[in-house]
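A, B and C label the chains in the order they appear, each numbered from 1.
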Amino acid sequence: MAGSSQRESWGEWVDRHSGTFFIAPAVTLILIFAIFPTIYSMFFAMSRVRFTGDGLKFRFVGFRNFSKQFFGTDQVHFLGRTEPVSILAMIIFAVIVVSVLVWLYRSRKIATWVGMLGRTVSASMAIFLTWVLCASLLSGNSIGTLYTTLFYVLVGCGIQFVIGTGLAFICSQPIHGKNFFRVIFFIPLMVTPLGVGYAMKMIADITKGPFEPLLRLFGIENWVWSADAWSARLVMVVGDSWQWIPFIFICMLAALENVPQDHVEAAQVDGASSMQIFREITWPQVVPVAVTVLLIRAVEAFKIVDLPNIMTGGGPGTATESMTLHSLFVWRANDMGTSAAIGYLLLILTVIVCASFFNYVVLGRLRRTKA
Amino acid sequence: MQIRRSLLGLIVGASALAGLSPAAFAGEFDGVTVNILTRPGYVIAGRLMERGVEFEAATGGRIVVTEVPFAEIFPKIQNDWSTGTNSIDVGVFAAGWGVELDAAGLLEDLDPYIAKDDKIDLDDIAPYFREFGQKVGGKTKLLMVDGDFQMVYYRKDVLDNAGLEPPKTWEDYLDIASKIHGQDMNDDGVADFGSCIFKKRNAQSYFAIQTFAAPIVQTHGTAQGFHFDNSTMKPLINNDGWKKAFELYKETGKYGPPEELNMDIGDTRAIFKAGRCGLLVEWGDPGPLQLDDDATAIKGLLYAVSALGSMEVLDRATGKLVPVTSENAPHSVDGINYAPFAAFGGWAGAINKNATQKKKDAAYAFLSYMSQAAQSSVDVTIGATGYNPYRLSQLASPDLFVEAGMPLELAVNYIGAINEALNSLNMASDMKIPGASNYTGVVLDTELARYLAGEITVEEALENIEAGWEEITEDFGRDEQIEYQRLALGSGN
Amino acid sequence: MSDASFKFEKSGRSLMERLFEPPAIGKMSLVAKIVAYSLLAIWSVFVLFPIYWVIITSFKDAAAVNQGPFYIPFFDFQPNLDAWRAQFNIDRFCDLTSILRQVYLLVHNSFVFVVSPVISLNPMELQICKIYLAFTNSVVISVVSTTLCVAVGSMAAYALARVQYKPKFGNILVFVALLVLVIVATTYAGVPWWASSTVALAMFFFLVRSVGRYFKMRLGNNDILFWIISQRILPPIVVVIPVYVMFQAVGLLDTHLALIILYAVANLPIVVWLMHDFFANVPIELEESAQLDGATRFGIFWGIVLPLTRPGLAATTLLILVLNWNEYLFAVFIATVKVQTMPIMVAAKNAGEKGVFWWEMSAIIVVMIIPVIIMSILLTKFISKGVLQGAMKG
């Protein structure tokens, strides 16, 4: 019971349980501020919530906030206009449904029951999204916030990936000033999205922006990009790409620089053209990194809110509203129930799409590369 | 160790001294800070800040103005006060929004303060604003700093040149707009626009549409309203009256700037000051705004019409439009029914009931200071402040505005238009029930924006608004809303 | 060029080969070089032009903005400081002496806060120069939350790299189920939250001892890692409303602490993900030998591992710092008056109905992005040597 030995045993006890102590703060914080609110949010989503003089009052309404988005008054806002459906759209829909079902059937043999459950979920989401796409866009109708978000994710990430990888490829060649370009290209990633939005708004202005002489040259000085749904969305993608291509650039550059040069040089000595070298040697090495980067970028892209908020306030009508922005506007209207419901729908969409991509593409690629 | 200790001692000593720092003067509200939340300035907020400096010099009470985007004012104040956070002491917002806050018991009753205040001269405030704007449930809960309703302005020179009379109905408006659209109205060689209205979503568009709809739907005086069937609170929106208003509103876009759908009030003010608009739907500000230095193109040329009317009105039983007669529209003049719309009701300040008493005293003193004729009459003549006349002394004669630089003829026209609206028995009130900002600012605004952008048809828009309004009414309780509507419109008290 | 054909024959390469094929291993052909440099140049212009435009717009006055685009200062238009003066003049609390006094007040108030358990002093109300307040708030919140985030995150990452965890899946299910019960009880049945939480906690320990024994399935380190990293998928909008209510219940709305905690949690996954790879790459022999010498785990972590991963740590810190600086969504919900950060100020001014006051907005944006650009230039030094590439291998 001497003082020093007591202190030692206390210290030893802490050290023995250091595993717990090291990880406890992170786990606790995540439990309290991420997991708990997510579950709590479900209760918001299933109620009508009101602020009264003494706190919040919940009125349970079941799934009404959700069904409003799919079948009720908010359907056109959320899903888009889904009728009339054109013949072409129905054919495309049928084709895709059949291929998804065939894929599902074939996986019977190679997946566990948990895996089958997951695949069924992915397949259902795929069929639902395809139906919305066919009924709305492919039939010549307008799309809602669901597909606007998907547009930002799919088209945006696609463009960003292609351009980012291209730039990385160029920078990985033996050129001068590599570090200079690296520094310059990295800057947009760090600028606040609000600032990016405002800068883009200023630049894209028709009468006072820097492109005005150019527009006048082409005779389109009366065209207003913010008045047309698709041009507004495209401008969003441009702004988003300006900000996020650096991310892809940095990651892909790191990956490309990791490709062992001796293989490349050996191939060059053998007389292979640059195209062949890229396709056979470089690309397979960077594919794992590429799909990971794409996944990370997609996860972030689902959350886009600052840019549409600043540049168009949701666009002509609701054309550039992403789901997060939709939820934000609804919150401003003090309708916390619907706001939480839309947030949840976004969460479900993001999780299923990203998990599917991760499981079938990323892991698939990794398995194939290791084989 | 030695250094650390002496440093510590230094800091403690300095803090103690700082805590004792003497005030420069011993004012009544020394050491009291009043936090005001309002929209981004210079409009409204700028003047509050400037007058706040004067107030501090006189009394020692510090005024801090925080600005948030217009659409966030109400949610932020409501959240702050109902959750007990109490960061905000005074909210300056639409007079009509106070009802919902008062229903939750969050507003300080101002009658006791007024009783002790001998400078505010309450009788000078126009009866409409004093009774409808400031009072909730018979007690004064807000102090007006500005009086609002929408009017139509026209470029006198442009209309005279085209040989056109000022419009009386919305059909006239469209007619004139079509005839003057494309003319060069400010001698810069570029074609200008027939009509400029702020149609941007989440901005002020939802006020303008009500200015179009009011004369079609409201016929029997202010107490009738034009949003709901007052006995059942069923929305009165899905009918031919509002449909016509929507269609007229969209048609004005044909004669407007190409980016009109993305223009809020700041943008339209910029272009009409540059002289590019022939017709406007606006509040009282363009009157004095045309005297600004950057409005030389239009100085003295922008005349006002108190309201445009309609030759057809809504038959509420059938939901169809019928021509105006003296039975179905007793306030009509020459077969045209007018209903000036008191859009927004006017900016007013309300005090947080749960603030400390010292803060409430200082807050009331400041609001009173803003409202007193000595300050108010100066502010309403400066267009940039966003404050429009609401006191009888400001509206009795055109002298105030002539002194500010208006030509006499214009001042007479301007004051006349405002007085005509204020004296109208069929003046249309903005919504003054709980959820008001929700009904109009969110549901109506969103569906209107989507209709203007061509996303949905007018029938769908009206259906969606009806469903959205019903949902809000259910949230607050239909019976409670019926009662609030009766209070808001009935006797006003 | 007149001897061109002669030269070609001499070197044995045709014109096409000269243009399109690399002259030697590890070099580029002429055409390839031209294409590469021009593409890079175009992209550099695309990247830098908006920033340039914002900076010069902040130096324009009303006429220069409204009368059409002017491109070059001193040439096209005269730069002036209208916008900058407007930012610092709107309230009169923005001149130098006032700002110095406010710095002093900040120090004083922090001191009061620190000694508050022991001595009770009065905090002094800050005078408000808005852009200064927003800037200070942003700096304080970013720095503190980054420190918190990196500290907590690297500890967790290190543990996940070195310690084997085997939590029981059954226990986790029990925990989630009880959590749901607590929420139902508190919101719908009106039970006060401390009562239901205590009951649930007791039930948890009981159930874990008894029922938990029947569920043997255990999770591993990789599952925990995946769980932490996948938190990034959670859209903040889902979390924000309940968090708002939670903070309101404990009176932490509109305070710095609330935002600091939220930002730390939001970025924790990134820190864990990045640092995990760095720690995994530290040779384990170093740690084992230190352990033999009797060092505690924390001692090894602090004294050996962290110094070795300093570049990665610095890169992560800078990245998180910038992410916190730019964050908008949480701030808009939690902050009302006292904790307005710079993004909120930008958004509020953007919504102002002043019309086209672009020069003032540009000035604010420049204030926002200059620190960030400096930080990003510092950051690329760490990126250049592939410091972050290790994380990609995950």
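Throughout what follows, a residue touches a chain if its C-beta (ideal position, glycine included) is under 8 Å from a C-beta of that chain, and two chains touch if they have at least 3 such contacts.
For clarity, every value in this text was computed on a predicted model and none was experimentally measured.
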Problem - Pair of chains with maximal C-beta contact number - result: A-C
Problem - Relative to chain C, chain with the most remote C-alpha centre - result: B
Problem - Computed distance of Cα centres, chain C from chain B, in Å - result: 40
Handout entry: chain A and chain C: spacing of chain centres that average the CA atoms, whole Å
Key = 18
Problem - chain B: positions in contact with at least two other chains - result: 71-72, 79, 83, 203
Fill in the blank from the handout: The positions of chain C in contact with two or more other chains are 66, 347, 350, 356
Exercise for the section: Provide the list of chain A residues touching at least two other chains, using ranges where the numbers run on. Expected result: 331
Problem - chain C-touching residues of chain B, taken from the complex the two chains share - result: 11, 14-16, 18-19, 31, 33, 35, 37, 39-43, 46, 49, 53, 62, 64, 66-72, 76, 79-80, 83-85, 87-88, 203, 264-267, 269-270, 294
Handout entry: Footprint of chain A on chain B - complex, ascending
Key = 71-72, 75, 78-79, 82-83, 104-106, 200-203, 258-259, 261-262, 437-438, 441-443, 446, 449-456, 460, 463-464, 467-468, 475-476
Practice task
Would you mind writing out the residues of chain C in touch with chain B in their complex?
Solution key: 62, 66, 90-92, 104-105, 107-108, 111-112, 121-122, 124-125, 127-128, 244, 248, 251, 253-254, 332, 336-338, 340, 344, 347-356
Practice task
Show which residues of chain C lie in contact with chain A when the two form their complex.
Solution key: 22, 25-28, 32-33, 36-37, 39-40, 43-44, 46-51, 53-54, 57, 65-66, 68-69, 71, 152-153, 155-156, 158-160, 163, 165, 176, 179-180, 183-184, 187-188, 224, 228, 231-243, 245-246, 261-262, 264-265, 268, 272, 296-298, 301, 322, 325-326, 328-329, 333, 342-343, 346-347, 350, 356, 358, 361-362, 365, 368-369, 372-373, 375-377, 379-380, 383-384, 386, 388-389, 392-394
Problem - In the complex, chain A residues that touch chain C - result: 11, 14-15, 18-19, 22-23, 25-27, 29-30, 33-41, 43-44, 47, 56, 58, 60, 166-167, 170-171, 173-175, 179, 181-196, 198-200, 202-203, 207-213, 242, 246, 250-251, 254-255, 257-258, 261, 265, 268-269, 274, 289, 292-293, 299-300, 302-303, 305-306, 309-310, 324, 327-328, 331, 336, 339-340, 342-344, 346-347, 350-351, 354
